[in-house]
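Both of the next two complexes hold chain A, though its partner changes from chain B to chain C.
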Partner chain A sequence: MSRQANRGTESKKMSSELFTLTYGALVTQLCKDYENDEDVNKQLDKMGYNIGVRLIEDFLARSNVGKCHDFRETADVIAKVAFKMYLGITPSITNWSPAGDEFSLIMENNPLVDFVELPDSHSSLIYSNLLCGVLRGALEMVQMAVEAKFVQDALKGDGVTEIRMRFIRRIEDNLPVGEE
Partner chain B sequence: MAVCVAVIAKENYPLYIRSVPTENELKFHYMVHTSLDVVDEKISAMGKALVDQRELYLGLLYPTEDYKKRYGYVTNSKVKFVMVVDSSNTALRDNEIRSMFRKLHNSYTDVMCNPFYNPGDRIQSSRAFDSMVTSMMIQVC
Partner chain C sequence: MVDPVVFELLHTEMVAELWAHDSDLDPGPGGQKTSLLVLEGMGFRVGQALGERLPREMLAFREELDVLKFLCKDLWGAVFQKQMDSLRTNHQGTYVLQDSSFPLLVRMGSGLQYLEEAPKFLAFTCGLLRGTLSTLGIKSLVTASVAALPACKFQVVIQRS
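Moving on, here comes the complex of A and B:
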C-alpha cells in the first residue's frame, strides 16, 4: 500500500493550520459533550494515553533510537526526537530535580494553540492536556511509569508552556506463571 | 486615526462595533448603518471589476459633515469592514487605510480560526482582536 511504502524516517509535511483546527474542533466538541472542564481534561488525557500507547511503536520503528539508560537520556529523546518528529518543535529541558527524577519541558510556542483564546467560562480547561496523556501512554509502553502535567500554560497568560514530568517507577515485566 | 471600527456579517448585522468617544456611540452606529447601503451599491456596481482584480478595498464611501470619512472593505465571504476616520489630520493616504484594513482582516481571520468562537456570533471575548482595534484607534488620536 502506498501509505506503507512512504513510511520512512523522513518526516511528512502537513498543514499546521489543518492540524491546529482539527485539534480545536476536538476540544470544543468535548467541551460541548461534557458538563465541566475537569471531565474534559480527563477525557483528553485518556485519548492522549490511547494515542501514546500506539504512537510509541511508530516512534521506535521510525526513529531508530536505542534503549535509554537513564531518565535524562529519555528526556533528551522526547524533546529532541519525538517532539521534533510529531510536532515540529524542540522544547527545552530544564529544572531537573536534585534526585534526577523530575524535569520540565518548556515550549516557547505550542502548535496546538495557534489561534486559540480561552473564553472566561473555561478557565480551568487544560487545552493541551492530550500531550500529557500521550507522554504517559508512550512511556508506559517502554516500562516507565511517569506523571505528566501542565504547570504553566501560555493560554492562561504565562509566558511559556511548561509540562512537568515526574518519574514514578520502572514497570517490571511480570513473567507468566510457570516460566522462569 | 480611526474613530470607529465595525465588522458586519454577511446578513448585515453587526459582529463587532467599537468607537472611540463612547458618549456618542449611537451616532456612530447610525453612520455605519447608513454606509452599508453605499457598500451594497458599490459591490453591485463594480462587482465584476472587483472580482477580476481581487480587490477587497472599496475606497472612500462618502465624506460627511464634521470631518469624518468612512471607508469600506469587503471580503470574498461578504463580510464587511467599515471604518470611520477622522480626517482632520489629512496626512492619511489611501495606502495606509488599505493596510489598516488588511490588518483588520488578518485579525478577523484569527478570530474565525479560534475554535471557541462560533461563526456568526458577536466578537466579544477576543482580547487579541480588541487590542488590535485599540492600536488602530490610538495611533493618532
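Moving on, here comes the complex of A and C:
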C-alpha cells in the first residue's frame, strides 16, 4: 500500500477515534459532576437533543432525502442514510409493532463504545444515551415527536445493542414538544 | 467512520454543558477557570490516547520540529480536515501554530463579536495538542489566543526538565 493511502486510512481512523475518545471523556466527566447514573443519563439525553436539533440541518443539507410519508420511510432513512453518514454503521430495522408506530434499531457494533468497559459501580448508566437524545431532537425538527430508548446494550452483556423507537405524534406548527 | 461534524457538535455541546454546570456551582471567575481546566484536562487525556494509537511507522521523528510538523499536518488533518496555516519557531522550544479558520470557532461567526467566548472553544484543543505531545515524549505548555474569529494561534512551549 502506498504511503499516501496509508495516511488517508490513518486519518479516518484518527477522526473516528477522536470522537469515541471525546465521548468517553465526556461521560467520565459527567459521572464526576453528577451524583447518580440517572442524572448522567438525563444529561446525555439533553445534550443529545441539542445536538440532534442542529444535526438535522446538516443532514437535510447533505443528504437530499425528501419528506418521509410514514414512519416506515423514516426508519429506513434513519438506519440506512443517517446512521451510515454520521457513524459509519447501518443498524437493522426489526420488530415493527402491528400498528406500525414502533420499531427497533439493532446495532451489531456501536462506535461510541470502542475501548469502553462499564465499571460495576455504574450499572444504571446508559452509556450511549446521547444517541436517544439525538434521534429525539432531530425528528422533532421534522415535525415528529418520538421516544427513543435503549432496550438492549452490548456494553451490559447483551448480544446486541437495541434502540426502541416509538412514534408519539405529529407536531403541528413548529411548537416544541419537550423542554431543552 | 464517524463524520467530523459529529465531533464538532459534540464539542460545542460539551463546552456549553460544562460551562453551565461549573457556573452553577461557582458563578464567578472561579467557575469559569474550572471549566477551562476541565476542558483542557479532557483534551489532554484524549490527546494522550490518540497518540498511543498511532502506528509506530508514523512516528519516526528525527527531531522536535518534525513532531510539531506532524501536529500541524497529520493531527490537524485528521481532527479538523485541514492543515495548520503556519508554524513558526524561535528554535529555542517555542512554537506558534496559526490557523486562519479554526473549525471550532467558525460556528461562532467572525470578527470581534464573540472574542470573550473564544477561550472556552480552544481549551479542549490545547489539551489535545499537549496530550499528543506528551505521548510522543514531549512535555509542553499549550495556550491559545484569538485576535479575531475564526483565526487563532496556539502557542506550544516545550518544557525541558
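Note that the second predicted complex is superposed on the first by the 159 of 180 C-alpha atoms of A that agree within 3 Å, B and C clash if a C-alpha of one lies under 4 Å from a C-alpha of the other, contacts with A are read in each partner's own complex, and residues count from 1 in each chain.
What we mean here is this: a residue touches a chain if its C-beta (ideal position, glycine included) is under 8 Å from a C-beta of that chain, and two chains touch if they have at least 3 such contacts.
Keep in mind that this is a model prediction, so the values were computed, not measured.
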Contacts for A:88 in the overlay, against chain B (first) and chain C (second): which applies, first, second, both or neither?
second
Chain B or chain C: which reaches more residues on chain A?
C
Could you say whether A:25 touches chain B, chain C, both of them, or neither, answering first, second, both or neither?
both
For A:43, select first, second, both or neither according to whether it touches chain B, chain C, the two together, or no partner.
second
Considering only touches as defined above, state whether A:122 meets chain B (first), chain C (second), both or neither.
first
Quick one: classify A:33 as touching chain B (first), chain C (second), both or neither.
second
Using the superposition on chain A described above, determine whether A:55 touches chain B (first), chain C (second), both, or neither.
second
Intersection of chain A interface sets (partners chain B, chain C):
17, 20-21, 25
Note: in the complex, chain C contacts chain A through residues 1-7, 9-11, 13-14, 16-18, 21, 38, 42, 45-46, 49-50, 53-55, 58, 74-75, 77-79, 81, 124
With touch defined as at the start, can you tell me which chain B residues reach chain A in the complex?
110, 113-116, 125-128
Inside the complex, what are the residues of chain A that reach chain C?
7, 10-23, 25-26, 29-30, 33, 43, 47, 50-51, 54-55, 58, 85-88, 111, 130
In the complex, chain A residues that touch chain B
17, 20-21, 24-25, 27-28, 31, 114-120, 122
